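First chain A sits with chain B, and in the next complex the same chain sits with chain C.
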Partner chain A sequence: MKNRLKVLRAERDWSQADLAEALQVSRQTINALETGKYDPSLPLAFKIARLFGQPIETIFQDEA
Partner chain B sequence: MTLVSQFSKAYQSNRLVRALVYGIAAAPLGYLFGRWLGGLKDFGEWNPAWPDMMAALLGVFMVGLGIGVLAVCASRKALGRQLDPEGGRPATKAQVFFYAQNGVVLLLAGVMMVTPVAVSTAFETVPPLVGSAAMVGLIALFLLQTAMNISVWIRSDELMRQAMTEVGALCFVVLQGAMFLWAAGGKLGLLPVMTLWDAVPVMMAVYLLIGFGVTWRRGLAA
Partner chain C sequence: MEKIEARKVVSREEIAQRILVGCGVFGGLVGAGGALANRLEIQIPMPVIAVGTVITLMVMAGVTAIYWRMIDEAAREAHKFAWFWGGMAGAAVALMIGAVTDSAWLTAMYGDLKPAGWLILGMGGLLIAQTIGYGLAWAGWWLIRQR
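== the complex of A and B ==
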């Protein structure tokens, strides 16, 4: 699954640690999400969508 | 080239340099430890069976790793640099406690691995009282480590839990398959019979290898 997390984060000038703190996860989780090594759970995806004020499907795109 | 990709490349090369430095520093230590073990064998002071040697090496490795983690946790700045090389802000108290707990879990695992070898090496025949005392100590350490492992699980985020679940599942598949095939080979007289103690260091080595593999694959080391 592809995502726009890195772009959205850069637009707000947030570091991975800032985003991790806002989502209450580790920085490694943010890094794994951004590099496509991990797909978030639904609760985390909703949390990310709420934080950026965008629908889930504009942040995460199915590669299929 | 963006600033982010420039930073990423610089960070990766920095990690490579650090890995090289650690490797160069660790190689002589490993060589000296191996020579010391070899020397003991030559002088007839300690002539261990392979599972004992393997358990001792793994135990020492885990104790060393645990001490290393605890040493980093002793400084909030040092831990912060490990957790967030980009920002480098000091680690929070909760992060220090969490990673220190991981260090203690590793340390306890190493001590538990080495104890049976150390006690059985110290005595030609282990006196029942000493054996019972060691066993009571091992059970206490095991219970403490289990409680700490559960606590680590509860306070982990979803990526860490996913990684732990994958390690557990992969270990089960690999080890139960290997155990069945070896047991079948033994029953058919094709392979030597292994004791449970023979299997323990093999199981721990497989667990550590799979753990490192999953950690790398999920980017937890980044």
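== the complex of A and C ==
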């Protein structure tokens, strides 16, 4: 699954640590999400969407 | 754009890591104490060992539950992956080694143990192999997802 996390984070000038703090996850988890090698659970995806104020489908795109 | 204020607080992950390190230090101290008692030929009464083991297991269960609640979902996923694939691969390797190991070699190395002694030795070997497999699988899960 592709996502726009890195772009959205960069637009806000947030570091990975800042985003990790806001989502209450580790920086390693943010890195894994941004590289697209870890897909978040639905609760975490909703939390990300709420934080960036955007619908989930504009942040995460299915590659299939 | 609003900048998130970086708070100077210890994150849940850091607390979880400290709990693990604390458990490792505690385990090391208990092991060193046991080895020292063995070297000094101090016979620890069986009831003390039994009660100590039960208390240690209960504390370990509690600490594990706290640790599990502290870590995030990716960290949990890494542990689940490591438990299944690493533990299973470690057990498979241990069983294969056990199948090809000559019993005469084991007797030469550990002496003529009672059946209970061989059982404990086998369980210990299996546990070590599974722990190594677990660690490798856990590290591999994170390494793949950090690049």
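By definition in this document, the second predicted complex is superposed on the first by the 64 of 64 C-alpha atoms of A that agree within 3 Å, B and C clash if a C-alpha of one lies under 4 Å from a C-alpha of the other, contacts with A are read in each partner's own complex, and residues count from 1 in each chain.
Just so it is clear, contacts are C-beta pairs under 8 Å (C-beta built on N, C-alpha and C of every residue); 3 or more make two chains touch, one makes a residue touch a chain.
Here the structure is a predicted model, which is why all the values come from computation and not from measurement.
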Partner chain(s) touched by A:S41 [first = chain B, second = chain C, both, neither]: both
Chain B versus chain C as contact partner of A:W14, first or second or both or neither: second
Which superposed partner A:K6 touches (first chain B, second chain C, both, neither): first
Which of chain B and chain C A:A22 touches, first, second, both or neither: second
Intersection of chain A interface sets (partners chain B, chain C): 17-18, 24-26, 28-29, 31-32, 35, 37-38, 40-41, 44
Chain A partner contacts - residues on chain C that touch it in the complex: 1-4, 6-7, 11-13, 71-75, 77, 142, 144-147
In the complex, chain A residues that touch chain C: 11-14, 17-22, 24-26, 28-29, 31-33, 35, 37-38, 40-41, 44
Chain B partner contacts - residues on chain A that touch it in the complex: 6, 10, 15-18, 24-29, 31-32, 35, 37-38, 40-41, 44
Touch list for chain B against partner chain A, complex: 4, 83-84, 86-87, 89, 157-160, 162, 217-220, 222
